[in-house]
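Pasting in a structure now, in structure tokens, and then I'll have a few things to ask.
Each chain gets a letter, A, B, C, D, E and F, in the order it is written, and its residues are counted from 1.
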Amino acid sequence: MASLWEYANPVKFMRLSNWLMPVSAVLAAALIAVGLYWGFFLTPDDYRQGATIKIIFLHVPAALMAINAWAMMLVTSLIWLIRRHHVSALAAKAAGPIGATMTLIALITGAIWGQPMWGTWWAWDPRLTSFLILFLFYVGYIALWSAIEDPDTAADLTAVLCLVGSVFAVLSRYAALFWNQGLHQGASLSVAPGTRMDWSYKGPLYLCMIGFVLLFVALVLAGTRTEIRARRSRALMTRERARA
Amino acid sequence: MIALLIRDLRLAFRAGGGFGLGLGFFLILAVLVPLGVGPDPVTLGIIAPGILWVGALLACLLSLDRLFALDHEDGSLDLLATSPIPLEGVVAVKALAHWGTTGLPLALAAPVLGILLNLPGAAYGTLMLSLILGTPALSMIGAFGAALTVGLKRGGLLLSLLVLPMYMPTLVFGAQAVTRAAQGLDPTTPLVLLAGITAGSIALLPFAAAFALRINLR
Amino acid sequence: MIALLIRDLRLAFRAGGGFGLGLGFFLILAVLVPLGVGPDPVTLGIIAPGILWVGALLACLLSLDRLFALDHEDGSLDLLATSPIPLEGVVAVKALAHWGTTGLPLALAAPVLGILLNLPGAAYGTLMLSLILGTPALSMIGAFGAALTVGLKRGGLLLSLLVLPMYMPTLVFGAQAVTRAAQGLDPTTPLVLLAGITAGSIALLPFAAAFALRINLR
Amino acid sequence: MEMRVTDLACARGGLPLIEGMSFTVAGGEALVLRGPNGSGKTTLLRTLAGLQPALSGEISCPPEQMTYGAHADGLKAVLSVAENLSFWAAIHGQRDIAPALAAMNLTELAERPAQTLSAGQKRRLGLARLLVTGRWLWVLDEPTVSLDAASVALFAAVVRGHLAQGGAALMATHIDLGLAEARVLELAPYKAALPVDPGFDEAFL
Amino acid sequence: MEMRVTDLACARGGLPLIEGMSFTVAGGEALVLRGPNGSGKTTLLRTLAGLQPALSGEISCPPEQMTYGAHADGLKAVLSVAENLSFWAAIHGQRDIAPALAAMNLTELAERPAQTLSAGQKRRLGLARLLVTGRWLWVLDEPTVSLDAASVALFAAVVRGHLAQGGAALMATHIDLGLAEARVLELAPYKAALPVDPGFDEAFL
Amino acid sequence: MPDLGTYATEVLLAYAVSLGLLALLITWTWARSRRVRRDLAALEARVTRV
């Protein structure tokens, strides 16, 4: 098998993503549509939370992707710093706004959910707090990308920010836990056997989670393709300028 | 290195008194908050640890953007980068000078402001200790943020945006320590965590900051 | 004049988004205060009006030091002073641009932060109104302070020190208006006073600031 | 159009530098100011431009008729060449920047952000500003710093064009501007004597 | 002591400016770099000084043996002339600044804050820094900007002294330095050709 | 349409906001992709013609 690094070449990457992007987009659309339809129309109300349980099908996948997008940025940033593959840096750049949106969705659905459950739009619960901090990290990351003219400089600096930021994001999580015990529900999906959740909830939730992963893949691929093209445009413009 | 430290301290004092001003800002914040919040002593006592720590943090932040920017503008940074001192050392020394002119005086002055904000008597020692332990981390993290944004015009606000989320753990542990002390609880755990963050920042961030500076000088 | 306004707005947007960043700082402050103070919603609700106003004030302050400093450093200010535009107009336009990129977005975003700080529901309208009425005064007073300190290196903190006392009336009336609204009282009087301060600042301070600028250019 | 300076004295840092200076610049004339470093050329030009008060003496021409070109160029790093120039044009109520760009050979760089220019290119942009002010008297402080020979010639041509239209230029410089027709004014004879100590008097000096 | 540059290529703003450049500077030699504005002199000097990476090529001499003098002088406005100079001396492990002050005719200004110097005086202070670095290779970008004739001669004398002690200097300039013995290196022949477009490849260019 | 009981507003709001944000993200990605693609095509045409 050819090395995975081959796809660090923009041409190879464009060829691969040319079919991978639409495939994952279609799959994502299908899974999310089925999952949300199942969850919204066919799932019974929870005995405690009533109809609000339906929010989980958006809330949890978005929260999942919010964290995973940052993890992916961390990995691609490292690859850029070590192997200096441009595609990797551009993929990290493309993931920024997507991760930020996912974080925002998790925050907003959580806030809306909090209104009936905890009686308040916002509570300074550790998980909520660390998500807010994560959102700020995303915003800072995106702002740094857009503030720097030179693409390689921007890639280097944002990569360092991502590395250092990751450490502080993890620290923030502990700090938040230390600070306040919180209201938020613990992880109930991770304990697989003896699970508390019924399949009528789990089914659509899993579908949506896989759907969100695929949506993320599709969006990152699309975004990276765009960034590669933008980068190429820039290079051509520089050449044109030089010719003048 | 010592020459650099002396120069930076001298610049801070000479240029309108960097250190008096950090203090001034801290003092004014301690005055503004009661004006904004209202004079109720019980409320003030409860929020005092948090406000004092937030104030210290903002006072640090406000002077950060010029940490490397001035040297960048007048070309000193290019010359320092080609000097015999490693850039990591330059970053560390500059963070130290920043701490010496903001963090340290802030820590020493904090008890006075505690009185303004009605801080409970038991917390004064912890307040100073937590600030002395925590503010070096603020300066070091800030130096990293300043290194990231040094080339950018109006980097000041971008710097705040990048740095503030990273200040969050320091703030939480610092304020928690003081709050616990004010409530008569044991503040050791947050103080130890605070010291840990400071030690970690000092050990690692000079390298990240020097890397960022080299990129920005390119 | 319009050319100057357009240039300043363009610079603010171009240079890393002056306006997004003012907002960012405000948001971050609203996050930090609960982290420092603790999560209790009742306490937060009480201090929310004061904190929001202090936050708006600091967000304004943070971007002030560069209001004239950048133009001074690159020589534009000399050229503007010898241009056909009166220096009073330059000051007014620059204050307006500053308000458009910090005060106005801050006022619009404040309700969201009110939620974070548990601001009582009745106060949201007054919060926005008071900020819209009061922030122009902050920008104008700040422009005066910036004009006073423009020649000085590290003028940033001196600027804060000079400007913060002048911000006090604005802060008090603004926070009072919101606090009253939060308690269900009538906020009209402080709002009127706020509008008065703004009107007075806009009418008088451009002249003082232009005078200070002329002295500093000498 | 004429600027007549009579018995001017100026000071810098509280110390008189120049005194008893009188000269005239009329439309169509270029005057080159020469003097060693620290002799007060910048001080004199800033005084003429109205940026600092004269100690004594008369300047017949109000600052509104001059444009001052300082050591610094007043460029905004994030704005493009064209945006920088249009701004100054708009401030002076002018519109068309194309001739100024062409005159200083900047047309090709028009879309470049100013921060990506080399030292000499920045200077050319700074000089192009003069053309969009529409003022008759140019007061320039070392205008050709960092310029290569071709650009100096370009600048000389621009000044000649300005003079031909009845404008005038007063330039401080240490190097040859390639303007043979310019009159030279040496600053040395006007060096201020140290003031006699008037004792503890109103002026303190 | 010798710096040998072999087949160097450098770029600025993503665009190759210079390629195939080879030259040698040995101790005792001065090399003057000439080229029109925007030809890449500053870029080349920064590359040699290790501030930006070269596209390709070899530089035999590590940046630790050179000192770089940029367009900007790196002066602190609120520090005095002596303090500014002592700082750079201390950074480079030197002590005595008196000879450097004397060489650039700054002794009388030693206690003046740098912000009260005129343009040329600032430049002299910037050049005095070279003498306290103790490095053998000076890499200077337009060192004589703003200097009057006497100061240029002073600078030429300082460079000659440095060469006589086995040092070397590489200077970019547009004007005559009064150093007749200096070799001149024209940048024009090394102008980078536009790279052939490799299409959509890792380098993007 | 299922009966959402007392929580209809919250649930519907949550769905509307989330799907709205996703739609916004997708539209933005798509619009930017189109714009960049068009610009690049124009540039390639111009540059390679010379």
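Worth pointing out:
Rule of thumb we're sticking to: a contact is a pair of C-beta atoms (placed from the backbone, for glycine too) under 8 Å apart; a residue touches a chain by one contact, two chains touch by 3 or more.
A quick note: this is a predicted structure, and the numbers were derived from the prediction, not measured.
Counting hops only between chains that touch, chain E reaches chain F in a minimum of 2. Where chain B touches chain C, over half of the residue numbers in use are shared by the two copies, so each contributes mostly the same positions. The leading chain pair by number of C-beta pairs in contact is B-C. Rotation angle, chain D onto chain E, C-alpha superposition: 180 degrees, expressed as a multiple of 5. Rounded to whole angstrom units, the spacing between the C-alpha centres of chain A and chain C is 35. We define each chain's centre as the mean of its Cα atoms; on that basis chain B and chain C are separated by 23 Å. For the pair chain A and chain D, the distance between C-alpha centroids works out to 57 Å. Residue positions of chain B with contacts to 2 or more other chains are 11, 15, 73, 152-153, 155, 158, 161, 164-165, 168, 172, 218. Shared contact sites, meaning residues of chain A that touch two or more other chains, fall at 133, 136, 139-140, 143, 147, 179, 232, 239, 241, 243. Shared contact sites, meaning residues of chain F that touch two or more other chains, fall at 47. Here chain B touches chain E in the complex through residues 2-4, 7, 10-11, 14-15, 71, 73-76, 78-85, 217-218, going by the rule given at the top.
Listed in rising order, the residues of chain A touching chain B in the complex are 133, 136-137, 139-140, 143-144, 147-148, 153, 156-157, 160-161, 163-165, 168-169, 171-172, 174-176, 178-179. Touching chain B in their complex are the following residues of chain C: 11-12, 15-16, 18, 21-22, 24-25, 28-29, 31-33, 35-38, 43, 46-47, 49-51, 53-54, 57-58, 62-63, 65-66, 70, 73, 152-158, 160-161, 164-165, 167-168, 171-172, 175, 179. Within the complex formed with chain F, the residues of chain A that make contact are 36, 40-41, 45, 50-52, 54-55, 58-59, 62, 97-98, 101, 104-105, 108-109, 112-113, 115-116, 215, 219, 222-223, 225-226, 229-230, 232-233, 236-237, 239-240, 243.
Residues 49-53, 63-64, 66-68, 70-79, 83, 86-88, 90-93, 129 of chain D touch chain C in their complex.
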